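In what comes next, subunit A is part of two complexes: it sits with subunit B in the first one and with subunit C in the second one.
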Partner chain A sequence: MLGRFRYGYVAPAVLLVAGLLYAPFVWTAYLSFTRYDGLESPAWIGLDNFVKLFDDAALLTSTRNTLIWVVGTMVLPVGLGLLVAVLSYDIKGGAWFRVPFMLPYALSGAGLAMVWSPILSHDGVANRLLGVDTAFLQDSPYNTLAMLLVWTWQQLGVNTLLFVVGLQSIPKEPIEAARLDGASGWRLFRHVIWPLMRPLTAVVVGLALVAGLKTFDIVWVLTQGGPGRNSETLAVTMYKETFVSSDYGYGSAVAVMLTVVTGLASYLYLKRQVTAT
Partner chain B sequence: MIRRAVLVVLGLVWLGPTYLLLVNASRPADSYDPGSAWIPSGDFALLENFASAVEGANLSGSLASTALYSVVSPLLGVVIGALAGYTIVVLRLRHGFWWFLLIFGGTVFPSQMLLVPLFVGYSDAGLYDSRAGMILLYTAINVPLAGFVLRNFYSGVAFSIFEAARMDGASTWRIFWRIYLPISFTALAAVFILEFTFIWNDLVFGLTLTQTEEVRPVMTAIAGLMTDVYAGTPVPVGLAAGLVVSLPTVVLFLATQRLFARGLALGSVH
Partner chain C sequence: MFRSRVATLGAAALVLTACGGGGGEAPQKKTELSLYNDKGAWTKYFDEMGALSKQSIGLSIKPTGYTDSAQYQAFIKASFRTDVKPDLFTWQTGGMLEEIVKQKQVADTSAIWQEAIKAGDLSQDLMPYYTVDGKQYCVPMNVAYWGMFYNKKIFDQYGLKPPETWDDLIEVAETLKRNNVKAFYHTSVLFSFVWFEQLLAGTDPDLYDRLATGQAKYTDPGVVQVMERWKQLIDAGYFINPGDKTDPGDVLKNGKAAMVSFGTWFNTSMTSRSMKAGTDYDFFVIPNVNPALPKTSMIFESGPLCSLTKAADPEASTRYLKWWTTAEAQQKWAASRGDVSANPKVTIDDKALGAVTKDAGGGEYRLVNRYFEATPPPILTAALDGFSKFVTEPGTYMEVLQTIQQAADEYWSTHQ
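Now for the complex of A and B:
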């Protein structure tokens, strides 16, 4: 009696996940070995798409940009988030000091672009404020760096929040003991607080690593990977190769590469964290 | 003292763009000038600007669609995921852990690995550019997280509840629907909020699988205001649109903050 319905109960979940997540995943892996334009059936061409990956100047640029995004997101929003958290977590009215950093988190990718494009544009607010005439979103790799700063502006708040929660939950005793021993400021942070915060930092940095590799939305809405193709990330390149150039096979190969890199990076990162602790 | 000074300076830098957003989203559409962007306008035209964004880009259809997607898909997703979690834990499905891994494994795929087959498959199946297709996909994306959280939650519920209900002759479905689903309300709500936010902010699936203004999710439509060279949207109109469409997720989050924290804690503690 019990057994009869059991498989029926997991069926909706399994069918949805298998049909809309697993099957496309496997299908993309297959397509990466084919020439395919979406109209005629896919033609098997072995490793040609992957060979082309290594010989594609645009892909080199987007790999470099993705690398900037990865390193940048692991350093800037996380580092500054930690700084704001450490400065504010135990002072009176700390939450109020954090409000300015939380507000931008409310905006999503498209809203974010709305705010920054008039600031960064040629005749925009930033140029007038700084008294310069810079094309922030034009020259590579500076346009990627500019977008990275925009991203930092948005993401800092959520990292701060995570670190504040972490700081408030670490044991008070070691900190009190160190204070009594005369430690304060940088030394207190470096030798007492930081070691206690390491596990949480590892998680936050790990999340930033994966998010950095998958960067798409902000680039798409601010530059669409341009001008030309000089601010593309791997995720943007995948989208453009597929849906702009109709090269589904090559687009799939880029997707596979992105997946392999993400998997490998996460694995190595996790392994390092496990051996380090 | 130095700590406060650093926080204030950094905070002011961070407030700058927020200030520009608020001031310029509220000024009359034709009065934007980058030179005087810092000076607030005497007129408050936020709602007019949003109205002209809705009208110009025909956002009303996409707003309705997005509202539909972000409510219906997480609802379906949490119930389907909860049912799977209930079956695995409470009904003790054979090889339950592997079924769980299969369902939860759905979270690891980057969306880029899904786009081509979804686009081609949806076109063949007549689901391209349809609301049903979007609801179906978003539901599938929600299932793994719902299954994960609810499996954890139900592992912490005393099995005697189930046994007692069986003694009283209740069917497994009735026990799920009338007992297990209601007691996991906070966990369900936490997952719902996360998924609502994900769908509301989704750009790439909307970009790939929709075309018409009525079906297209609002973030994709808004991105179109920016990226479409022919749109030439006035800055205040774009800002007002970006501001107003960001509100629902903020309001939902603020309104349910407590519930949210409690729900996630329940999901992970047990």
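Now for the complex of A and C:
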């Protein structure tokens, strides 16, 4: 009975995923081989869009900025998240200590911009407090670094939370045994706690890697990729080429490239982690 | 068994027929028209127009305003291929209008234009902006003349008067600088083109027109000189920081800059901040850089209100567009926003704007199509990015011009 209808049970989910995920993906991949302005029918141009990728100075800047985002996202929100988690774990009132780090996570991308735009703008709070005259959102690559700090401010809490969960799930026995053997402080963390947390760290860093590669909203709301195109990431370039320049073909080529890079990076990273574990 | 299956199929077919659109149906009769627009901040004014049109012609409007023009344009283009079609929508003149007219998506409004010109509701001068291959499409949703809004209290404080020549303007900027007041507003976001178009149109409007049609290059000496002049003004310290995110309305109100160059629609930003024309702020026409030009160049823009060839109720959409051009509609539209109108019969309350409209209609100025509409979209995108880079790094002007020209070469190689 169940065998006869088994496909029926999974059909709605399969159809939804196929219709909303795979079909647009296939359509985007097809568009990347065409010239298409959103109005006339797509015209097949072979690999021209992909050849253009290697001859586009703006894309070089986007790639550089995306790399900064990837490295920065893995170092700052993850690294500081781990630090806050370790410092606040196992102390009295640690949960209250973590609350201020958690609150910014509730903000949307647009809300984030509303908070930080007046702080980082030329006549903003940051310049006044520091007594300097710095164009935080203008000069490249400092504008990317400034946005990375904003991103850290928002993401720190959730990474802290994940690491605290990781710390709580570590079996107590190896730690007690290490303490009896005289391990404490940095040595205990480095040689016992850190290796035990490895599976969770792999997930947190993997998520950060993907988040860094697809960075879009914070850049869009704070600088729109400018001035010029000096703070664009690959995701912003994809959006601008597609919807601002109406060059759907080239925008799709950037999307395909970004998908391949994200998929490949995630695969290689996770494969390495699985092998190491 | 067989009969029951046939009956079930028959019933299903009837249900499907009832649910389906049916190509041969008569168009539905509408009493409320959807109006999609990229002027999200104007919803209140569209609502007021809807209330008036309901009284006058029995048709109301339901505005849906976008604030991101890229998202808006993507939605409108997508709507051409779907059943979710706007009854009315705003768009841009120039290359953007040509693009959708060539797709046979926009309803022909030649008859409305003929009638409105005959009745004195539209000016013949506006017609070229709405003409593609000899036919008219859309009607003017708004028109705007560009000039300089200035903080009158600051001007009064330093004994300054609206300049009559370019040298006067620089003298005003110099006086303000001596008193630690920034003279001009400029920005690296979207409106980064404003000073380029103003300086080029005021120096050589013919070169401006040739540049817009691909007959001149961005690397030509005339264009380079304009960029050098712009750089001199920035280097002289007359402008506020282009990365300042303060709303330009607040910039002028708070005196962060004494002058802001925008279209007459900026007047709405002033009145909505409870500023009084003639007391708190005022408006002057920007003098030409080149005093030898026979007429003062004035940047002009007009935004269209359009309907689709495949509108749900073409008769209602056409009737609405026709009403929109009338003096009754335009008087309300202009008065509610404190702006000028495409209808010459409309009286403008604001003294300075009224005078500009009258002079422009009388041929006093050389009207120059705004850069945003005059420039084909792919070149415009490169130019907006380029000018955005230039205002933050003025030394890069040659690199910027070369990048824009690269986009222009690519475009004109297939569009001449």
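Basically, the second predicted complex is superposed on the first by the 261 of 277 C-alpha atoms of A that agree within 3 Å, B and C clash if a C-alpha of one lies under 4 Å from a C-alpha of the other, contacts with A are read in each partner's own complex, and residues count from 1 in each chain.
Here is the rule we use: a residue touches a chain if its C-beta (ideal position, glycine included) is under 8 Å from a C-beta of that chain, and two chains touch if they have at least 3 such contacts.
No experiment lies behind these values; they were computed from the predicted model shown.
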### Task
Consider subunit A as the common anchor and indicate whether subunit B and subunit C clash or fit when overlaid.
clash
### Task
Determine, under the contact definition given at the top, whether A:Val132 touches first (subunit B), second (subunit C), both, or neither.
neither
### Task
Look at A:Tyr9 in the shared chain and tell me whether it touches subunit B only, subunit C only, both, or neither; answer first, second, both or neither.
first
### Query
Which holds for A:Ala235: it touches subunit B only (first), subunit C only (second), both, or neither?
first
### Task
Look at A:Leu180 in the shared chain and tell me whether it touches subunit B only, subunit C only, both, or neither; answer first, second, both or neither.
neither
### Query
Taking the superposition as given, does A:Gly38 touch the first partner, subunit B, the second, subunit C, both, or neither?
both
### Query
Which partner does A:Val274 reach: the first (subunit B), the second (subunit C), both, or neither?
neither
### Query
Where does A:Pro227 make contact in the superposed view: on subunit B (first), on subunit C (second), on both, or on neither?
second
### Query
Of the two partner chains, subunit B (first) and subunit C (second), which one does A:Asp123 touch, if any: first, second, both, or neither?
both
### Query
Which one hits more subunit A residues, subunit B or subunit C?
B
### Message
A:Phe243 in the overlay: touching subunit B, subunit C, both, or neither? Say first, second, both or neither.
### Response
both
#### Entry: subunit B clash site on subunit C (candidates 3-11, 75-83 or 381-389)
75-83
### Message
After overlaying the two complexes on chain A, where does the subunit B footprint on subunit A coincide with the subunit C footprint?
### Response
38, 117-118, 121, 123-124, 224, 239, 243
### Message
Using the touch definition from the top, list the residues of subunit A that touch subunit B in their complex.
### Response
2, 5-7, 9-10, 12-14, 16-25, 27-29, 31, 38, 80, 84, 87-88, 91, 97, 99-101, 103-104, 106-119, 121, 123-125, 128, 153, 156, 214, 216-217, 220-222, 224, 235, 238-239, 242-243, 248, 251-252, 254-256, 258-259, 262
### Query
In their complex, what parts of subunit B are in touch with subunit A?
3-4, 6-8, 10-12, 14-15, 17-18, 20-21, 24, 32, 34-35, 37-38, 80-81, 83-84, 86-88, 91, 93, 99, 102-103, 105-106, 109-121, 136-137, 139-141, 143-144, 147, 172-173, 176, 200-201, 203-204, 207-208, 219-220, 222-223, 225-227, 235, 238-239, 241-243, 245-246, 249-250
### Query
subunit A touches which residues of subunit C in the complex?
70-71, 73-74, 77-78, 80, 99-100, 103, 188-189, 241-246, 256, 377-378, 381, 385-386, 388-393, 400
### Query
subunit C touches which residues of subunit A in the complex?
37-40, 58, 117-118, 121-124, 135, 137-139, 224, 226-230, 239-240, 243-247
